[in-house]
Structures are given as structure tokens and as C-alpha cells.
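Alright, structures below, take your time with them.
Look for chain A in each of the two complexes below; its partner is chain B in the first and chain C in the second.
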Partner chain A sequence: MEILFYIRFNFKSIIMKTNYLFPHKFKWISGILFIVSISIMLCWIIEPDIFKDIEIKSKVFAIAETAFMGDNVYFGIIDTNILDELLMATVIISGLVFAFSKEKIEDEMTSKIRLESLVWATYANYLIFLFCVLFIYGMVFLNIIMFAFFTHLLFFILRFNWEIYKFNRTTNEE
Partner chain B sequence: MTFHLFPLKYKTTSGVLYVLSLIVLAALFIIDSYADGLGNKIISFFNTHRNDVFKPNIFYDLFFDEAFILINICSGLVYAFSKEKIENETTVTIRYKSLIWSFIINYLLFLLLYITIYGVAVYALISVFALSQLFIFIVHFRITVYRQQNKNIQ
Partner chain C sequence: MKNRLKIERAIANLTQADLAEKIAVSRQTINAIEAGKFVPSTVLALKISRLFNKPVNEIFELEDED
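Presenting the complex of A and B:
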């Protein structure tokens, strides 16, 4: 009860102080999960047939199911293979936790590197996406937008960790 | 800290261009989704180079769409990352938090829809969410900066 009262009366200050970062203890486990799941996801996008024999059938709620041929289903229960949904959930959740976990030493320099990496990843991803929009056509384009969706997170993670590594090395040398 | 930011003078122009291109893209998406025949009639005027059988959504292989995606991304990036009139530590902090927030919200919203939408519509979903992160960031950043300025005036 005391916690609820605290949250109720300090809600505004909690929101102002929040930094949207996850605790450092989740970094390694989420990192391993992210690397494994995104590798599987990328293989799957490149070669869709590699998992054709693996199926996890389940009844799930669907807002919409649209088919090339056949009936569309809206707000109903459907029987489908949920392997890709599970994989997508693992990639996104582990990726976000890994990307936005606190560092061991969380100071102004870490925040600066994080901000610069976020801006850099946004520029890089949108410019590459734009290049693909202008010069790639047909079915391949669908794979490209699927890639582009994940490369944003990937670019940020790579750039941020590289910059942190460089910064730590320089600090240690000094 | 302002290394990656564009000058303030581009803000208004890019903002207007961004909103206009967003409206056109949203209109194209709606026309395409709900009135395919009408959409084809309107857009076929701009179809200069191909006739594809498979047209998933707004990303038709047409010059018209690509031109607006080009305008949307370029103006969106400039508008999102232009300097503010008063560029201080608070602005930097707000920008930083808005970026993280937009990243997390965009991916979680996508995931929520991805696990409840199946079939061809997933491609439409991905194409929308590829552009939406910038939009979410801009909206969150502008609202927070506006609130902060109001608070300072008070």
C-alpha cells in the first residue's frame, strides 16, 4: 500500500526522472538472446525454406488475417504456425532490453554516446531505406523493408557498443 | 553535443514538407487499402515504368510513392534533428529521452500488431512501421518541448 501511495503522490517526479533504461543485470542475457534470435531471423529472411519442417501450431486471436486467395478473418480465432511470432517477439524484446540497458558506469558521457548513436543509427537506417525504396523493386523489396525494420535497432546497438568500447579503452590507457 | 543537428533555419520548411508528405502518404495508403480501383485510377497517371501484378500497399513501384517517401524521410530527418531556438541541456535531455521512448514504443506497437495480424497485411504493417519511428519521435519531442516552454513561462 505504501508503494502505491508513493507512486500516486510522486507520479510527476517519477515521470520526469525516468530515463527509460533497463537494469544492467539484464544486459548479458538479453544480448545473447538477441544475437541468437536475430541470426536465425536473418537466415529465415534470406532462405525462407529452412524452417519449413518446424511448426508450432496454435489457436490464436487475430485482429486480421488476409490471404491472397480465400476468406479474410477479422477479430477471430485462427489456427496458425506461431514460430515466426515467437521469433519476432524474442528479437524485439531482447533487442530493446540489450540496447537500452544501463551500463556498468552510467554517467553523462554514456548518455552522450547513447544519444549520438541513436541519432546516427536513425540517419543511417533511413538513408539506406531510402536508397532501397528508390532502387529496389518487386518481391525483393518486401525482404528489404523487413531488414530495414531490424537494422535500425542493430545499427544503434553496434554503434553504441563500439563507441563505449573505444571510450573505455582510451580511459584505461590514460 | 549538437554535432549531428541541422541549423534552425531549415526547421519550418522541413516541418511543412514533412506534414504534407505524411498526409499524402496516409491518403495513398487508405486509398490503396480500401478502394483499390480508385487508387489505381488516381495513381496510374504517374505510372511511368512498370505494371506489377503484386502491389502490397503504399509501396507501389511508382514514381509517385517514391517521390513522397523521399520527401517524407528527408524532411522528417531535417525537422526531427534541427536545432531548437534555445538549445540547452534540457533540450538535449528531452531529445535523448524522446529518441529512446520512440524506439521502444515503435517496436512494442509493431510487436503487438505483428502477433495479432496475419497474412499479406503484415507487409503493409512493416512498411508503415518502418516510417513511424520518426513520426513518434517528432510528436513526443515537440509535445515535451512545448510543455517545458510553458512551464518556464509560468
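Presenting the complex of A and C:
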């Protein structure tokens, strides 16, 4: 009975302390990776030709592939250039880790700054996207959709780190 | 909400950094609380009250607009 209580208690304390964040030590390595990969990514969206000579051909499992010409493939093995998959996976993983790793001293103030930055970034991203929906037409709109995927995370990262930077600079001891 | 944190801290002869370390927050957070820019959680308020050995009400006080 006592053990049961102990397990329940610990379980509860684990649940209550969950904040879905990565350890602080991941912040800088993922940050460097994110900045490099998203820069390449954004260049690529703007100018797709820069990587036309680099190919990493591989056979991969695909849930679906709709071809411009030929048959569609569902749940099959396809042959494709996986450079864009690798790049996008790097952006997403390093971006998430960088965005959501703990600060050096993680306390309720940093949580508050994080939450406010997330709200801000969500508004900023969707308002800009709404603007683009209303005023941008044609093929370039596809680029906008691509951008919008990454800019949410990007806006959050920029806003949060700027706010943390300002916060850490506050000094008026005594 | 207003608070007497700065005064209590002076009575206890603690710097912002000392207090921050004792209750496991950053010095800037203490600074923000003292400046009235940040309202601490109940847990943090209770930790501060335990540290100064005074009731929470004596350190933190509601204002008319709260």
C-alpha cells in the first residue's frame, strides 16, 4: 500500500514537472544547426536551382507519391533525391530543440516569456500569412505556404531569444 | 499587487543574487518581482515567505485595481 502511494506520488510529481523542454546543453549545438539549415532552406525556396547539381539518390518508403507523369504510388518503395528531405528534417528537428530547450536558469519568468513569445509569434505568422492569402496570387503563393511552415518557429525563436536577451540584461541591483 | 520584497531583503541583508539562489530562480526574476513587473506564483511566494519567516500577506499585498 505504501509502495502504491509512493508510485502514485512520484508519478504525480513527474506529471506536474513536465514542461516539454529539452536540456539547456542542447541549445547552442541545435542553434548553430538551425541557423545554418534554415538559411540554406530559405535560399532554396527562393532560388530552387542552386541545388540542381547535388543529388543524393536513395530508395525510400513512401506512403504516397503523386507523379507529374506516370503512376501514383501508395505504400511502396520509390527512388528519389532525398536532399530536400534531409534538409527539411534538419530544420524541423534542430528548430524544435533550439526553440524549446531550457534556459540556463529556468524559472517561472522564463516560462512566462516563452508563452508570451509563442503567442506573439503565432499572431505574427498568421497575420502575415493572411495578408499573403489576400494579396499574393499565382505560383509564388506556393513559396509563401512553404515559408509559413518555418516562419512560425523562426518568429518564435527570434522573439523569445530577443526577450530573454533583454531580460538578462536588466540590472539595477539595489 | 505590490510587495515589500526589497525591504525584506534589505532587513535580511541579502542581495538579489543571494535571494535568487536560495529560491532557485534567476537574479533578473527577483529584480522583475521587486520592480512590480512580474507576479510570482503561489509556490514562489510561499518559498519567499518561508525564507523570511513571515506570512505571505506581510510581503505581498493586493492593490485596489487587483
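Just so we're on the same page, the second predicted complex is superposed on the first by the 155 of 174 C-alpha atoms of A that agree within 3 Å, B and C clash if a C-alpha of one lies under 4 Å from a C-alpha of the other, contacts with A are read in each partner's own complex, and residues count from 1 in each chain.
Note that contacts are C-beta pairs under 8 Å (C-beta built on N, C-alpha and C of every residue); 3 or more make two chains touch, one makes a residue touch a chain.
On a predicted model such as this, the values are computed, not experimentally measured, just so you know.
Of the two partner chains, chain B and chain C are each touched by A:Lys112. When both complexes are overlaid on chain A, the residue A:Trp28 reaches neither chain B nor chain C.
In the superposition on chain A, A:Phe131 contacts neither chain B nor chain C.
In the superposed model, A:Met146 makes contact with chain B only, not with chain C. Once the two structures are superposed, chain B and chain C can be ranked by residues of chain A touched, with B on top. In the superposition on chain A, contact of A:Tyr165 is made with neither chain B nor chain C. When the shared chain is aligned, chain B comes close enough to touch A:Val60, but chain C does not. Comparing the two interfaces of chain A, the one with chain B and the one with chain C have residues 112 in common. Listed in rising order, the residues of chain A touching chain C in the complex are 105, 107-110, 112, 167-168, 170-174. Partner chain A is touched in their complex by these residues of chain B: 1, 3-4, 50, 52, 54, 56, 59, 61, 66, 69-70, 73-74, 76-77, 80-81, 92, 95-97, 99-101, 103-104, 107-108, 110-111, 113-121, 123, 126-127, 129-130, 133-134, 137. Against chain A, the residues of chain C that register as touching in their complex are 15-17, 20, 24-29, 31-32, 38, 40-41, 44. Across the complex, chain B is touched by residues 18-21, 60-68, 72, 78, 80, 85, 88-89, 92-93, 95-96, 99-100, 111-112, 114-116, 118-120, 122-123, 126-127, 129-130, 133-134, 137-139, 141-142, 145-146, 148-149, 152-153, 156 of chain A.
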